[in-house]
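To start, the structure itself, in structure tokens.
We just call them A, B, C and D in the order they show up, numbering each chain from 1.
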Amino acid sequence: MWEKLLYFDRRIIFVLIGLVVIIPFLTGWMVPHGQITPSTQNLYNEIESLEPGTPVMLVFDYGPSGMPELHPMATALTHHILSRDLRLLGVAIVVTGPSMCQDVVAPLAEELHKVEGVDWVNLGWKPGGVVPITQMGENIKRTYPSDFQGRPTNELEVMAGIRDYQDIGLIIDLASGNAPGAWIAYAHDPYKVKLATGVTGVMAIDYYVYLQTGQLCGLLNGLRGAAEYEQLIGKKGFGFLGMSSQSVAHLVIIFFVIIGNIGYFTVRRSRQRSE
Amino acid sequence: MPGAAGGINAIWGISTEVIGIWLAALLTLAIYSFLYGDNPVYKVAEHVFVGVSAAYGAALTYHLAIIPKLYNPLFRPDLVPDADEPQYILIIPGLLGLLIFSRFIPRYDWLSRWPIAFIMGLYAGLSIPRVIQTNILKQMQATIAPLLPVDAGGEYLLFSGFENLLLVVGVVCTLAYFYFSLPHRGVMGGMSRVGIWFLMIGFGAGFGNTVMARISLLIGRIQFMLYDWLPTIGIHLGSGPGVG
Amino acid sequence: MRLQIPIAIGFVAGMFMFVQFFIPHQMIKASFEDALDWAIIIGAFALVLGLGSLFRTHIDKIRHRREGFSYSFVTLISFAVMFFFGIFYKTAPHTTFDWLFMNVQVPLEATMFSLLAFFIASAAYRTFRARSVEATLLLSVAIIVMLGRVPISDKIPYLNLHEITEWLMMVPTVAAKRGILLGVALGAVATSLRIILGLERSHLGGGGGG
Amino acid sequence: MMTGGLRQTGLTLVLGALVACTLGIPACAQETAPQSFLAPTQVRVQDDEADKSGTRLQVEWTMPTGAERVDEFVLEGYRIYAAEAGEELVPFEVVEGAGTTETVVRDLWPGKEYEIQLSAVYLPEGQKWATDLKDPTKVITPGAVETLSASVGPYQPAAAWYDSAKSNVLLVALLYSMIVLLCFHFARRRETYIRPIAGLEAVNDAIGRATEMGRPMLFVSGLSGIGDIATIASMLILGHIARRAAAYETPIIVPCNDALVMTAEREIVHQAYIEAGKPDAYEPQNIFYITDSQFGYTSAVDGIMVREKPAANFFMGYFFAEALILAETGNMTGAIQIAGTDADTQLPFFITACDYTLMGEELYAASAYLSRNPLLMAQLKGQDYGKVLLVAGLLVGVTLATLAIFVAELQPWFEKLLAWLQI
């Protein structure tokens, strides 16, 4: 019997993985709450501490491949920012960012009765990587003379009184790559603006060290970070569902590894005996 | 997904957005069918993928390389900022590029080595300082730390000292594993063994840490099928609970 | 001469790229960017050869009616359609080219990428066997990290898997990674040197080394 | 010359102020009661110290005091012009805000001489500062008035021919190159011992197996393109495998995702067949281009693996996420798989899914090892000396760092070391 288990068709694993990922989305089943990681809590507290009307820069440095992990984060953060009456400035140094911003913020703003150009704006993408980050330290409106829709930023109510990073309460960089490194080096370090980041699970490990040094005031780690944030603002959504899929998938894989090893040792022992 | 295709919003009364979603959904299922085994549906998807992506690459090369970097500077300098006359120097890379086609003339096929030699030399020279910067200097700097650090209050930080020690031991033993010109026996053997352990811990952690990211890719596709495609056939799962 | 000229070309190109790194003067910086553009131009010519090889493969298949030749039509037609819209129309957002890219290539890419969710599971099952000390280390660390990444592990008493995971990622993993990176640097620089100095000639039709 | 430049700006000019100031009385603004628009005074220009490329000048000036408001106009910013000797005056920068009195002029050319001129920009009261979207040096607020200062100069942005901040890279490069070159030099005299590398010993077995089974072999040289040394190392390995494949007349399939790599690999494999004495057996069609798309390429190689069922798969070079897709599919088809990569993120997957894996540096050692050429073997010796140096450096550094905790005099030395390693 173990012999069979050891060499069974791998398509069985494929089916199981597919099922455990899809079921939470079909049934709405969710894993129980976990602890809130301090780095998530810190970001939440940071936003809570801002005066209404303070501009918050939400940076969309990801594209379609980062959506499963970063969209839930963006959604939860946008909800928190807008419902606290803070001003939201959507920015991107990754070319696919502005459409991500539009995708998340526009419907949510409508739901919360927030007006584009007054309560939030999608400033769009600027080429050059670190160049626009540095330029915004001098003058944000000059870096972005117009927003994503082509309206001059000078005339937008949401941009009133904003000149450079000194006027920004907090920058949150949502990234699937190494963009947070650039924001740390070219925005936080020279201009001392408060910076937090939300990254995919694989990238998170690279940024823990910046939490220790205080260069980041908060960090959301993959779907887990998104789920924790949803828990904090009391609005469970795709973060929790995704987290549920991931948790069960992890357990299924671990289960298979254990079965595989039991099988391996049982078979080996019985072979040794028969020899 | 953008709805309009070149200004056309609908074909035979079906919106291009819906057609796009169906196209994407069918191709998604076609690729997944490979998990069961090779089959005609996967073959079609694979061949579409190759054709479309090769053409995409070719079109971008045309628009982003050939036109702005070669054709315009040589033949249409008026379209190039800060240039009044043709940049004749570009004839050199143009000729080098043309030499690649000498492969089709057996007598002169050795000429095709010139562009290859140029490119390989170029990148070899470029890589030396870059690799030294990022792989040697940066890594060395990060590893050099006191084995018995003190905090601001003068207290010894034993555990972080242990961590630094472990880092140094790990780096040295991993390098010992890669040592080629000595047999891995005795001290060298012991060190390289420890090096392998470090490598294995690193690989295990790398593997375990990536699982999550790969599962979320699947989540992304499933979300597309459930929340973009299903609604086109009248099945609405809602927009997810709460936010979303 | 057939060997000397390409060796000289490689040497000049390599030395220029090495030396320019240390010269901040705008004149050198500009010619560095030009050199990279030259490489892109040559690459564009090579692409013509590459596409020629792609067409030839499929046209040959069709001509000789080899197994599965009908799929070759699929590739050729897909290419023709995408190329037509890409060259004769604009590639900007909301064009047919972009529509094809977003609804054909993007989902294909994302789905192919997501196959990894299945393959990572089957690879773990198939190969994570405690056959030796090394294999045991690899599989136990992988399991600890997998557990430490999901909130369920918070429920395990006395064992903070989350922190253990973080520690494993920050200390031993980093040590191994640095060892690899340092070794790679030595190998890459030595290989580059061999190419610049013309000691490596297999790409120049001169045999492997010597 | 001046009018030409100014017409470009599209702004109204107040010539009175211009003449007054160009007459060489820089302090004119302070002395008279502001009846009219005034220009910035005391324009000071110097080379930008931080810029070594020689493209920038630092400009400072003094605000025309007392003239922040003139009738219905408010001083809102400045424009900075530069002119090469005998050439037109060209706007280079705009500065928003009357209080800002310094900026950096970029995009100049080293060695050229520039005359610098500044203007104060007055906007009608209540109007907002607006610049042209395409040309950010152009102020487009309706009714804006601009007054030009006296021209100063000529100034030359200074460029450096050596970046001393990169001395550390140069030193390491020269030292290590010397070691490797010395090893090459002494190579001919002595035989070098090289430890066995499991993955490489297996290469010949894999070729043998494919020959026995009468099935082809598959070679993938990574996805990082010809610009990566890992790809070049991979192509060198391909040369050795192709030589054996030629001798046994076992076909080797090489799908490519970079056209330049394909061109180079055809050359290498062709050469290998000539060396093996079988130039006629060489089939260029077996080395073919598919697409440069990462996953388009992966899907096609997957297809080749399940349809052609190669007996041996070689994955050598730099890989991204496709590594595991390729290796698992190859495993399903039952091929013997040998991988080699310096991509530390993909090593875990090759290690688990392939039969043998060349890790990191072993990829670079492979071509030397396979050729058994004494010159190339010497390279490995050189790499080993490099390792000894790195370890020695590391130990010295760590000892210094630890001692510096106890001996205060050592602290500056430790800091110097860290600063030297800074890139």
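Following the convention adopted for this analysis, contacts are C-beta pairs under 8 Å (C-beta built on N, C-alpha and C of every residue); 3 or more make two chains touch, one makes a residue touch a chain.
Since the structure is predicted, the reported quantities are computational estimates derived from the model, not experimental observations.
S.K.: Looking at CA centres, what chain is most distant from subunit D?
M.R.: So the farthest one, by centre of C-alpha atoms, is A.
S.K.: Which two chains does the highest number of contacting C-beta pairs join?
M.R.: After tallying contacts for each pair, the winner is B-C.
S.K.: Which integer distance in Å separates the CA centroid of subunit B from that of subunit D?
M.R.: About 15 Å, centre to centre.
S.K.: Could you give the separation in Å between the centres of subunit A and subunit C, each centre being the mean of its C-alpha atoms?
M.R.: 25
S.K.: When the C-alpha atoms of subunit B and subunit C are each averaged to a single point, how far apart are the two points in Å?
M.R.: Chain centres of subunit B and subunit C, defined by C-alpha means, are spaced 5 Å apart.
S.K.: Just how far, in Å, is the C-alpha centre of subunit B from the one of subunit A?
M.R.: Centre separation, subunit A to subunit B: 21 Å.
S.K.: Could you tell me which residues belong to subunit C and also touch two or more other chains?
M.R.: 18, 21-22, 39, 42-43, 46-49, 51, 54, 68, 105-106, 108, 110, 112-113, 115-118, 120-122, 124, 126, 128, 138-139, 143, 146, 149-150, 169-170, 177, 180-184, 188-189, 191-193, 195, 203-205
S.K.: Taking each residue of subunit A in turn, which ones touch at least two of the other chains?
M.R.: In subunit A, 10, 14, 17-18, 21, 64-65, 201, 205, 222, 246, 249-250, 253 touch at least two other chains.
S.K.: Could you list which residues of subunit B touch at least two other chains?
M.R.: Residues 31, 34-35, 43, 45-46, 49-50, 52-54, 56-57, 100, 103, 113, 115-116, 119-120, 123-124, 126-129, 131-132, 136, 140, 143, 168, 171-172, 175, 178, 199, 202-204, 206-207, 209-212, 215, 217-218, 220.
S.K.: Can the chain contact pattern be summarised as a line, a ring, a star, a complete graph, or none of these (other)?
M.R.: complete
S.K.: With touch defined as at the start, can you tell me which subunit A residues reach subunit C in the complex?
M.R.: 10, 13-14, 17-18, 21, 31-35, 37, 64-65, 201, 205, 208-209, 222, 224, 227, 243, 246-247, 249-254, 256-257, 259-261, 264-265
S.K.: Given the complex with subunit D, which residues does subunit C contribute to the contact?
M.R.: Subunit C residues touching subunit D: 18, 21-27, 29, 39, 42-43, 46-51, 53-54, 56-57, 60, 68, 105, 108-109, 112-113, 115-116, 119-120, 122-124, 126-128, 138, 177, 180-184, 186-195, 199-200, 202-210.
S.K.: In their shared complex, at which residues does subunit B touch subunit C?
M.R.: Those in contact with subunit C are residues 1-2, 4-8, 16, 19-21, 23-25, 27-28, 31-32, 34-35, 43-63, 65-66, 69-70, 89-90, 92-94, 96-98, 100-101, 103, 110, 113-132, 135-136, 139-140, 142-143, 163, 166-175, 177-178, 195-212, 214-215, 217-218, 220-221, 224.
S.K.: Taking the touch rule as given, give the residues of subunit C at its contact with subunit B in the complex, in rising order.
M.R.: 2, 5-7, 9-18, 21-22, 34-35, 37-49, 51, 54, 68, 71-72, 74-83, 85-87, 89, 91, 93-108, 110-118, 120-121, 124, 133-135, 137-146, 149-150, 165, 168-185, 188-189, 191-193, 195-196, 203-205
S.K.: Give the list of subunit C residues in touch with subunit A in this complex.
M.R.: For this pair, the touching residues of subunit C are 106, 110, 113, 117-118, 120-122, 124-126, 128-131, 139, 143, 146-147, 149-152, 154, 162, 166, 169-170.
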